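Reading through the structure tokens given below for one structure.
The chains carry the letters A, B and C, assigned in the order they are written, with residues numbered from 1 in each.
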Amino acid sequence: MITFRDVHKAFGEKKVLAGLNFSVHSEEIVFLLGTSGTGKSVTLKHIVGLLRPDSGNIQIDNEDITGYSEEDFALIRKKCGYVFQHPALFDSLSVFENVAFGLRAHGELQESQIQDKVTQSLELVGLRGINEKYPHELSYGEQKRVSIARTIAPGPSYLLFDEPTTGLDPITTNAVNTLIFKLSRKLGVTSIVVSHDMGCALKIADRIIVLEAGRLAVDGNVNEIWSCSQPLVKSFLEEVRLSGVDIKRFDEENPHS
Amino acid sequence: MILSLKKIFESFGSLTIFYGQLFKSFMKNGLPKGTLGQVGYLGWQSLGVTLYAGLFAGAILAIQFYVMLSDFGGEAMIGGLNTSANVRQVAPLLIAFLLSGKIGAFTSAELGTMKVTEQIDAIRCLGIDPIWHVVLPRFLGMVIASILLLTFGVVMSVLGGMIASSLVAGINPLQYIAFIPRVITSESLISGFFKSSVFGLIIGGVSCHQGISTTGGARGVGITVTRSAVTTMLLIVLADFLTSQIMQTALKLLDY
Amino acid sequence: METLIEVKNLEFSYPGLPLFKETSLEIKKGEVFVLLGPSGSGKTTLAKLLAGLIQPKQGTVLIEGLDIFDPKVPPLKRENVFKKVGMVFQKNALFDSLNLLENITFPQKERLPERSQAERLKRAQSLLDRVGIGSFPTLFPDEISGGMQKRLGIARALALDPEILILDDPTAGLDPVTSRDIADLILELQKEKNATAFVITNDVSRATQMGDRVGLLKDESILLIGSPEEMKSSQNPAVKQFVEGLLNGPFGDYQMEVS
């Protein structure tokens, strides 16, 4: 479980988080939505210590990480895998080496174990036979999936996705969204997805949290969101309606998968 | 260009802290994998330019000296004089400048690009220390490669001077070499090595520090590369002066 | 309506990556044509070809009847046609070292030297106001948010009073609300100037909002769909897959079996 209590964060004059309170429970898929610049990515970065709060309290599995140093975060980062918006693959390493990177550096695994984990992780994201390729030889969608494989290989119990489908075409968006859902269920992890795509959220989220002005504005499950009258939520829902896309909850859509 | 004194002090402080981080990481975790690879890679790609620069540095100075010496019939001394000047001053400075661009700016661009594409953050998120895994191999690689290349370049300058003297002034190469031991003693070799090490530390440290602190996307990388090359060269000039003074004083004290 | 831009049998490829083969398109004067397509299909490359920034291997691009790649065309004539084209880039490509106002006065100074300094400044400020970022003209691009940067990019494209607007992914990465606002702004400006617009995007909602006609980039050529309504009701499997984001179809089958 991850809890944020009254967290504040400012960058110079600009206040990004103004007393954020929320929690995420085990094995949930939670979407953090909001307009650009409301601190969604900033929130996510606090969980793995890429940013530190100005004030407030953050707890992960009952461990207070608020005052943690870079070394202290090493274990947290093993537990919480972070998938960046842009693939951030290591250009000079092959796909295999990219995925194995997190496994190798800790030196605890045998080479054969690493091989297995890498193959498994790539298969989980629907990629086969590209071990020897280099990032620049892959399509953007494939790069995204390799970056997800790299993050899941060490077996984290939380997966943090920073705008995974922003800027993608509808097909790739659906593919990535589907992948997030299936991975979460299959691996039994807790997923926190930062996004501004309400459509994706409505399809796969257990809970949706909407941020506005650096604070929690709305927190509810999908049914509650559909009937919510908060203005920002309504404008997001209006966009979904205008797009004309059929919002079918994921479990109903593919019963045999 | 108005550089506020405060900013200069801040960057200097930040650079010093960075050296501290590198040292701490090395003491804690030892030699990183890939260091030798970096030495080989950086050394190999700079071999050609170093050879070229060294030969020409030696040749240019030799001709200059010849012109001056022939005025009072001192041509015979050219071997010793030229070598002394080159080993001590000219060649290391020239080649260090070259390397600050060739390997320094190159590495700062590499690290800078990794930083702005969030690869460094990705490494941290995988629970790995980017300093030890990514920065330290490059730093050590540059220090060692610089020392080796500077030494190589200085030797080339002697050769260049010898060839130039023989072609232009008809000085017998054996005569050229004969004069060398008179001016080059073990102290000048120690001095040269010390200087190369300091230069290497500067090239490695400044470029890695600039690279890893890059912000602001593609433009940021451009700024980093320029700043890296310029800062390195300025510090090298300063270090050149200081090391010469230090060596002089030290050797006087030791009564060489 | 007369045809303003005509693309005939365009062929272009990057090494190892064929992009266009016998691609043809006609854009009518005053219309907004939206081109959809998956990431990496070459949409930005097409925008650059239309703007004359890169040369095709084969084929012609005619703007107002002028072959923009014909070396025999006198430079002045060519220049006059290009002055009418304003381009908004995917990654904004703003002038980082110039402030907001200067980003708009600079192109005017270069391409319309006959305008006085006072006139340039007046125009620049009015454009900044028009796109909603007029209250801080002396800030620099890296000091404003992503959405505001997009607005600046649009204002800059309008600096020379273009008759043709080429917009490469003008709403990429923005949240749906801001995205719609930017698209509205573009449409307002387009109508005001009676400009012709070529918009590239992979956002179906924007295509619906903005397009008079819509096309889909598929198999190295442009599939003409028609109006946004025709797009939504199309039975063409490629169009259907794209619009509905289906995992299976002519654009590929995505195995999502998590074993």
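What we mean here is this: contacts are C-beta pairs under 8 Å (C-beta built on N, C-alpha and C of every residue); 3 or more make two chains touch, one makes a residue touch a chain.
As the structure is a computational prediction, the values presented were derived from the model and not from experiment.
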Task = Tell me which chain's centre, taken as the mean of its C-alpha atoms, is farthest from chain B.
result = C
Query = Hey, which pair has more contacts between C-betas, A-C or A-B?
reply = A-C
Ask   = Hey, how far is the Cα centre of chain B from the one of chain C, in Å?
value = 49
Message = Suppose each chain is reduced to the average of its Cα coordinates; what separation in Å results between chain A and chain C?
response = 31
Message = Suppose each chain is reduced to the average of its Cα coordinates; what separation in Å results between chain A and chain B?
response = 45
Task = Going by the contact rule at the top, pick out the chain A residues touching chain C in the complex.
result = 34-37, 123-124, 126, 139-141, 166-175, 178-179, 182-183, 186, 196-198, 232, 235-236, 239, 242-246, 257
Ask   = chain A touches which residues of chain B in the complex?
value = 114, 117-119, 121-128, 133
Note = chain A contacts chain B in the complex at 48, 50, 70, 74-75, 77-78, 81-82, 84, 86, 88-90, 101-102, 105-106, 147, 150-151, 154
Complex interface listing, chain C residues touching chain A = 36-40, 145-147, 169, 172-178, 180, 202, 204-205, 208-209, 232, 241-247, 249, 251-252, 254-259
